Structure formats: C-alpha cells, structure tokens
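In what follows, chain A forms one complex with chain B and a second complex with chain C.
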Partner chain A sequence: MYRRESLEIRIEKARQRRTSMFRLTLRRMMRNRNAVLGLGIVTTVSLLAIAAPIIAPKEDSSFQRFRLLPSPTQQDLSNTQERGVIFSLIGNTYSYVRVLVSGESGDVDISKGLDSEHLLGTDHLGRDILSRIVWGAQISLLVGVVSQAIACLIGVPLGAISGYYGGKIDHLVMRLADIMFSFPFLLFAIVMVAVLGDTCVGRAWGGLLLVFLVLGVIGWAPKARLVRASVLSIKEEEYVEAARAMGASNTRIIVSHILPNCLSPIIVHTSLAMASAILVEAALSFFGLGVSPPTVTWGSMLASARQYMRTAPHMFMAPGLAITITVFGFNLLGDGLRDAIDPRLKK
Partner chain B sequence: MLRYVIRRFLMGIPVLLGVSVVVFILTQVAPGDPIRLMVGQAADPETIANIREKWGLDKDPLTQYFIFVRDAIKLDFGVSFRNGQPVLDLILERIPATAYLGIAAILISIAISIPLGVLSAVHQNTIVDNTSMGLAIVGISAPVYFTALLLQWFFGLHLGWFPVSGIGDVRPWEATNIGELVESLRYLVLPAIVLGYPNAAMITRLTRSSMLEVIRQDYIMVARAKGLRERTVIYRHALRNALIPVVTIVGLQFTLLVGGAVVTETIFNWPGMGRMIIDALISNRDYAMIRAITLIIAATVVFLNIVVDVLYALIDPRIQYS
Partner chain C sequence: MSEPILEVQNLRTYFFTEEGVVRAVDGVSLDLRRGETLGLVGESGCGKSVTSLSIMRLIPDPPGKIVGGKIIYKGENLLEKDEEYMRHIRGNEIAMIFQDPMTSLNPVFRVGDQIAEAIQLHQGVGRKEALRRAVEMMKLVRIPLAEQRAREYPHQFSGGMRQRIMIAMALSCNPEILIADEPSTALDVTIQAQILEIMKTLQRERGMSILLITHDLGVIAEMSDRVAVMYAGVIVEYADVKSLFKQPLHPYTRGLLTSIPSLATRSKRLNVIEGTVPSLIDPPPGCRFHPRCPRAMPICSREKPELKEVGENHSVACFLY
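Entry: the complex of A and B
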C-alpha cells in the first residue's frame, strides 16, 4: 500500500515538474517583448482568418460597386498627374475613379472621396481590399499549417528512425535529405507546382492540395536532420537504457521516450518554416501558379496590383504588408520560442 | 586534407545522381506532349514520329534516363523544345546577366551587413542594435516580390530616380565613357538591392551573434588589457574570428539567391537565367530547358557546399578533417 502511494506521489510530482517546465518556458517567453509581439500578430491573423465569413462579407456584393462607375481606362490613368497618384494611396480606387471621371486632377480634396465603407480602398474591379486581405489570410495560414503538418509527418519519423537505428537506413535517409537540400526551396516549389499543375492532383481543391503536398514534401528534409541530431544525443541517455532494460520495444522507446524530448527544436523550426511556407505560397500565387482564382490569395492580389502600380499603389501595399506582417509575426514567435526553450542560446 | 576534399567530392556523386532522377521524373510525369506543343496540333503523325525518334522520346523511360545522364555528363542537355537551339547555348547566353546581378547583390549585402552586425554587437541592446535587428527581421520577413514592387513604385515611378525594367542598352563592362557606365549602373541599383536585402538581413543577424560570442572570449579581454585601441580590438581581434561562420553562410546563401533571382528578374524584366526558368515553365513548357537549368543549379549547390566545407577548414585551423 505504502509503495503504491509513493509511486502515485512520484508520478504526481513528475507531472507537476512537467507543467512547471512548460510554465517556465511560457513565462520566459512572455518576458520577451518581441516574442509577445509575434504571438500577438499570429493570434490576430489567425482570428481574422477564422472569422473571415463574419467580418468580411463584402467580398460577394463587391461587383455591384463596380457597376456604379466604369473602371478607368488605361488612357484615363496615364493622363492623371502625379498628385492624384499619391492621393490614391490614402484614398481608394473607388473615390479615385470618381475624381478621374469628373476630370479634376489638380487640387483634389480627398476627404470628399474617402469611403468609410472601404478602409483599405478597392481594387481595379471595385472589390473591397480589406475583405480580400481577410479571406487571403485563410489560405496563407492554411498553407502554413497543413504543409508543415505534412512535413512533420514525413520528416520526424524518418529522422527518428535514421538517428535511432543508424547504419544503412541512416545513410539512405541522409542522402535523400542531401538531394532535397540541393534544390533551392523556392525554385523547387515553383518547378514542381508548375509541372504538376495540370494533373488531377494539381486541379484538386482549386490547386490548394498540390501546394500543400509540394511544400510539405519539400519541407521534410530539415526536420529529419533536426530530429536525427536530437535522437543521436538522447538515445545515449540513461533513461533510454533503463527503458530498454525494462524490455520496452524500439518503437515504444522512440515514440514515448525519445521523441517527446526532441520536440523543442521541431516546434521552433516549424514556427520559422511556416513563415517561409507562407512566403513561398504567395510567390507561387504571384506567378499565377498553385491556388487558382476565384480563391483569394495575397500573392495573386499582389500580382494583379502590379499593372496598376502607378495609379493605385494601395492595391499592392495592402497584400504586401499583410504578407510581411504575418511572416514577421511567425519569425518573431520562432525566435522567441527558441530563446525561451533554451535560454543558453540567447545572445 | 586532400583526402577529405576527394572524399567530399565522391560523396557528391550519388547526390547528383539522385538530383538527376528527381528532375527526370518530374519532367516525365508532366502532362502534355512536348512535341505536340512544339509542332502544333495540326502536324501529321509522321513528322511527330520522326522528331520523337530523333530525340529518343520513343524509347522506354529507363533508356531515356540513361541517355539523359550520359549526355548531361558531356554537358549536352539537348535542344530546346521550343526553338530547337541547344539548351546549353541558351543558358550560357543568360548566365552573365544573372551573375552580374547576383554578384552586385552579394557585394551590397556584405558591405551593409557586416559593419551593421558589428555595430549591433558592440552596442548591444542600444537603439543602434534594436534598429538594425528590426531592419534585419523585416528583411527576412518581407517577400522579395513586395520589396521589389515597393522600390519600383517609390524610387522608379514616384521619384523617377531609377529605371524599373530591363538591364539597359549597355552593360557596364562594355561602357566606353563614364556617362554610359553610370547609365548602365542605374539599371542595376533597384534589382540588386531587392535581391541583396534578405541576404543582408541574415548576414547581419549572424555577424551580430557571432561577434557577441567572440567579444566575451578571454583573448579579447587580454587585447584590451594590453591597452590596444578599441577599434583594433574589435576589427583586428574580434571580427576576424567572428567572420568564420559568416563566410560559410555567405557561401550557402547561393540557394536563397537563386530563388530570389527568379522573382527579381521576372519583376525587373532582367534578361537572366531566373526569368528564363519562369518563361520555360509557364509560357513555353520547355521541359528540356527546365531539366537543364534545375540540374545545373543543383550541381552548383552541391559543388558550393563542398567548397564551403573546405574553405571552413582552411580559414579555421582548429578544425581537423580526417
């Protein structure tokens, strides 16, 4: 009876220790201003993405606004003076078009054109940019999360097996990783999505499935290397030996004794890799690859804004800043997590 | 040392073979018949069969792969599916423009980032440090295609200081007078900054952390205790040692640079390899070209990794290779 109790107490203590380790990390992170900022940005963007159907309903009715006024022709646009161009940054396309059509291009009172309905203005088809940014957040985050999940699903087991068993399998996995590392990430993604874009996988879910798969499949190699390195050091620990002495199977040792202890580098890497997945997805959309319209992505918004750069710079500012801020958030969060998990690394 | 170098090169061979398999499979599974794309839907079957035979496309995939590897070793990448010219010639034509842009970008990024990283480390946690670290993390976060548009809009269209498209009529090395040289360099400024910024950001961060590590070493304290000037301590004693990891990263950033070049060249209409890849992929579906370019780039990466490893051993005598 006494022994049993003591065991329970010990388990309870161990559990408390585990929580306190987590709490410790969290507390350390919360003391880091940059990490809190990063967490704040990531949380805000996530909430916006989840709440998109509620807060961005303008997307559907957008074309009515388009009919109110004809969009300016290229000639209209090239006749405008620079002054109008700067104003349109603060105002929006809708008001700007009105200014254009009425033929005033000198001293324009832009408050007249400001439209409280469109905080970030409208695009060349009169669609509300803010709504599109919010919808675009869904795709960006989805790509970040799903592609990283796939990358972890492939990379973590491969890395663990490679590090734990060593030998031929280790050699094979690491050479495969070397092959992946030989391709520049962005270029490889562009080539794969472009080449496979016309297959059945490429057309599924409006191109989204292919983007998930490509970014996931490309992203496994760094994770496998990270896990392998951790496993190599952890498998020499005494508690692993103890588990083996108690007759635990290799699978059990890997899954419940080794992997939980190499989670931290993976978490940090995943946060930073999400940032780069978001960047690459936007680059793909920018080239017209991957996710196809009518799905809104930040990259495609940037691409279509390119030809209106002279007259409507707000069109590229909004999605560009959205990508930058989101990626910035993930980078800050990743850096902060790394410093919090292992304060020794903090310089 | 020599044995290590040779072994590293030999280890590169299976990796390159793997790369060639990946590249070959990718272009094999791609839908669409490249020959039909080239000769048009109306061509008679006999012509198509002839071309297939001529290019070895009638053979089974395995044989095709062996032919592809055999030719690639001889640097023969076949002819472009689009215009029938040898792919290698087309690529060689484009390399100078890309190299010119890439080298300019690296030079700009090193010139900015190493002093900035040193300043950040020396004045740790001051406004200088915070500002440059802020700029650095923005540089890592801001996509190349956004900074490109931003600079094009502000410095090109709004202020009108720099041209936003093309490489100009005269390349700097062909310039005959100072006016032409300046004119051709004006085309370089924006794309080189855009391409160099993310690299600069990474090098700044790395230089800073590497410097911080070195500054705390005993020999720096000794140097100070000897009464050396702070400048000498920082630049002669600390920076030299702090640069060792930085050198390797600069070498490894080639991959980042290639990705960036694809985007930068497309946006700035720069006649280099990056734009050629996009053209081959999106407008032309020229798979011979894609195979050749990806293979060449991957081979360059493998080669650079080896060079960086060897360089690392050369500049840091503490590292021993067996």
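Entry: the complex of A and C
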C-alpha cells in the first residue's frame, strides 16, 4: 500500500516539474512589469498591422483619392521646388519629387484636426491619419521582421562557423564584421539605398525589397559576433565532447548541439535590433529614400508633415508617437527577454 | 584469456603549447581483451584521459597531436583511418562516458531525445523506433518511470540519474568497448556503488570490454580484471588486479596503496608520496618517478626503465626488479 502511494506521488511530482524552458521564461517575464508593457505594445502593433485591411476602412494602402483642392499658393510652390532640388541631389526619389512638383497634390493644407469621423484627423490631402498609421505599422513591422530575418540568416551561420572552426575563417569573418562596424549604421544605409535605388532591385515592391536587403545585410555583423562569442564558450562544454564521442559530425554538432544553446542571446539581440531597424527605415523614408509612395510609411508621413508643423501639429504627432511607442515597446521587450532568459544578469 | 580487441602500442600524444611541448602520453602500451575490464589508475594529470581521448581520436588539434604509436582495433590501425571512419567507430563500436554527468548532457534537449539521437545516428532507425529504444535503455539502467522521465530535461535529474542516462546513451548502440573516464568520481559513495553495479551487470550481459579510468583504487579493486598504473605519461606497472594489490612492485604503486586510509592500521598520519607530479614539458631524465622515489638509485636518473615482465601477468618499469 505504501509503495503504491509513493509511486503516485512521484508521478504527480514529475508531472508538475515538467516545465519547459519556454514556459519558465514566460513566467519570469510576466513578473516584470516593463517586459509585460513591451510585450503588450508589440502585440498591439502587430495585431493592428495584421488587421489593417479590416480596421483601416477609410483608406487603402495605395491611396490615391483626390479631393477638390484649392490651387497652391506661391509660398508652397517655392517650398516644393526647393525640396525637389535637395532630393535630386540625394538621387533616387524621382517619383516622390514628381508628386510634389506637379503641384496637383496641392501641398496646401486642407488637414483637419481630430473629429468623430477622423479620430486622428486628416493630413494635407485630406487622408485619414489613423488609417495611414495602421497601414504604416505594416511596413514598419515588416521591415523589422524581414530585415532581422535576413541578418540572422547571414550572421548566425557565419558566426557559428567562425567560432567553431576558428583559424583563418574566423579571422576573415571577424575582419569583415569589423569593417561593417566601422561604418555609421544610418549613413551606410542611406548611401546603399541611394546608390542602389535605381536598379531593378531598388524598384521592386516600391523600394521595400531594397530596404529589407540593406538593413539585413548591415545587420549581420553584430549577430555574427554575438553567435561567435557564445559558440566559443559552448564548444568547450563537455556535452559537445560527449556528442563527438557519440560519433556526431561537425555539422550536426553545430546545428543540433551548439546553436540551440546560443538561441537566447540571439533572441534578445534580434528584438532590440528590430527597434533600430524600424528607426532606420523611418529615417530613410523621412529623407525620401527607401520605400516610395504611394506605400505609406511612418517616416514619409513625418516628412510630409514637416512643412505643416506650425499649422497642423497633429500631422506629425501621430506618426512620431507611433514610431516612438513601437521602438520603445521593442526595447522594453528585448530588455525583459534578456532578464527573463538569463536571471543571473539581474541583481 | 581471449584475444585482445584493442591494442595500444607505444602511443605518444603531445600538446604543442607556447610554453613548450607537453608530453602528456609518452609511449603507452595497453591491450584490452574481449569482455574484460582494464583499469587505468594514476594521479590527476598523468595522462589517463589523454590516453582515452587518443583512442577515440578526440584530441583537440591544435594544440594536441598523436605523434606516434598504433591503436589497433579489430586488426585495424585507427590512427590511419579518416574522420568518416572514426565517426562510425565512435559511439557505435567504442563508446565513452565522461566524468561529470552534470555537464555531459545538453541542457536544451529532453534526455530521451538525446539517447534517441545516438541511436538514430548509428542504427539507421526512424525517430519513433529510436525513442522507443531510448526508453528501453533507460529501463535497463534502472531509471524509474522511464517513459515519463524520457520527456524531462537534464536539469530535472540528479547526478546519479544523469550518469545512468550517460551510460544508457553510451550503451544504446551496443558498443564493443566502453571507455569510462572517471564514471563515478563526481558522485557520492552510495550512488557510485549503484553506477558501478549497473556497469558490471550490463558488461556481463553484453560481453563488452571496459576501459575504466579512475584515480580511485577502491573502484579498481571492485571492477577491474587487470590494472595499468600510469605516472607522468608512462605506464609504470601492469598487472592483474589480485597480484597488484597483493604484491605491488613499483615504488609509486606502493605509495598509492599505502596512502589509502585504512581502519585496520590506524596511524596518526596518512602516508603521502613526497613531492608533486613533474612537469610534462620538461620531465625528469631517466625514470620519471625518481625525484620522488624513496628507493631511487643512481641509475634511475640516467636511464629510462622499460616495462618488463617479472611474474605471471605482472610487468613493472623499475630498475629494482
């Protein structure tokens, strides 16, 4: 009788103990208020982006709705031409410049403030700002996710190979990474987008593909370094030697024994790097580079709001806040993840 | 006695470091027969583990390199084989368990999957079948509730249980030889006895040979058929277990045996072997033990003693005999 009972107790204990790493991390994160806030922001923005076609009924993404507009004033035209010159100097924003110069789009503020029909008001062309923010969320998140996916795809294998094999390969990869690090991130992105903007890659998907590629290619270096550092310590672990003694090949050891163990720094870094990718994309769009109209991005919304800053502050408040909140959310999430995955880092 | 399944002849493994060449293993010869247990004893850093890693060809290169000798397994010299061939040997023909069960299991995999991976690697069976066999192996090493525990992670196991998992993993492909590198050192004494018992039983059932590496003479007395005593990269005495414990010949072996505390002859102080293990970069000339040897003679610092047979199944490398 006694044996039976103790067996049942042990089964029950075993069941309760069976908590996975994932659940453990999640539980720890839920105890961290900032992390929960970050997760909440990121989830909300993601849901908005996914549901854009449903919840942004006022406009669609390729908005071209004209309204009866008053003819542009002299002041506005001169503004426009000035900008046109600046942009041609930078290089590749013909379409954007054309829209501005042709004048039919007005450049005259018919924006309205907040009302019941337009929760965040309308912009200088009478477009619903809330709808455009929601559509812009799609682009921002896409840029964050896809560019980081590309960065991981390049950086993780390079870092793993570099750390595992060492020697000449290691030297080569790390010096390449050093070169990447020696460029200012934003400047490098601007130059690359400007130079490649007129190629067929640059025009694909309204410039979106180019932004993905540029941000992805720039982003590989920190990931490679991070992975290399973890691989260097993990490859000395006894279980790696045990796997080798089991007859596992190098590829197998890297893919199934080492990489899963350096997943946590990659996850943390990726969530933080998404924030900076989103920021850089916004900056590119603000300069009129990268994703070209009519695709809505938060950066280009900011750019067009710039000239109406005094008269219609709501026009730049909305995209500006959207960028700030989203980036803030990703940063909180990344910090929270780091604390949750490696609780030793916390005091 | 049956024929040897593994012969190590004059193995020399050096490490080329910045301070100089470390002669970790300098001319070791062993033979392991089918079904027997050969104990390899010695202090820390005497080259026991390097010998076992050399047999598996797992010496990290650089800085390590096997510079000479032969390792003959079933008539084939393993040192001449390519990596592909060695991968087939490792785990499948010669398996190994390590000293520290706390770190020899990958923390991110369930233990069942880890055992199953080894089976899949060598036996060419599907995932499901491999998992079934993994659970079977876990039952064999007497892990209670094996089906359930196969789905747990290493951190949910105690040290003894993890070492059982390691044994299950090592034996899952039915190897001919099991190299056990201090399998019980990290465990407490009662668990140690259980682990050794499991190894012994499985050896009897499967007829495999064990190369048991340890510094614990108690474990050697319990487990081995024959013993090789290593000192500073060379074998100093090689005998069957009974004659070694009854009549140790080499002064080093005697020192080892008398430094074990015993209830019968309770003295105030334990015997110690004076001095420390010599540097393997610049080993003493002649017999490597002579600076610490209580019975050193002038010849000991001049010439290197060869291992010579002094009795039935008993060889010693010392000028006293």
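By our rule, the second predicted complex is superposed on the first by the 272 of 347 C-alpha atoms of A that agree within 3 Å, B and C clash if a C-alpha of one lies under 4 Å from a C-alpha of the other, contacts with A are read in each partner's own complex, and residues count from 1 in each chain.
The rule is simple: contacts are C-beta pairs under 8 Å (C-beta built on N, C-alpha and C of every residue); 3 or more make two chains touch, one makes a residue touch a chain.
Note that this is a predicted model, so its numbers are computed, not measured.
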Figure out whether A:E241 sits in contact with chain B (first) or chain C (second), or with both, or with neither. second
Of chain B and chain C, which one touches more of chain A's residues? B
Considering only touches as defined above, state whether A:F316 meets chain B (first), chain C (second), both or neither. first
Taking the superposition on A as described, I'd like to know which of chain B and chain C A:L176 touches: first, second, both or neither. first
Does chain B (first) or chain C (second) touch A:N261, or do both, or does neither? second
Could you tell me if A:S249 is touching chain B, chain C, both of them or neither one (first, second, both, neither)? second
Looking at the complex, which residues from chain A come into contact with chain B? 82, 85-86, 175-176, 178-179, 181-188, 190-192, 194-196, 198-199, 275, 279, 282-283, 286-289, 299, 302, 305-306, 309-310, 313, 316-317, 320-321, 323-325, 327-328, 331-332, 335, 347
Taking the touch rule as given, give the residues of chain A at its contact with chain C in the complex, in rising order. 10-11, 14-15, 17-18, 20-21, 237-239, 241-249, 252, 256-257, 260-261, 263
Chain A-touching residues of chain B, taken from the complex the two chains share: 14-16, 18-19, 22, 26-27, 29-32, 137-138, 140-146, 149-150, 152-153, 157-158, 208-209, 212-213, 254-256, 258-260, 262-263, 266-267, 277-278, 281-282, 287, 290, 294, 297-299, 301-302, 305
Where on chain C is chain A touching in the complex? 56, 58, 86-92, 95-96, 98, 100, 103-109, 117-118, 121-122, 144-145, 148-149, 151-153, 156, 166, 169
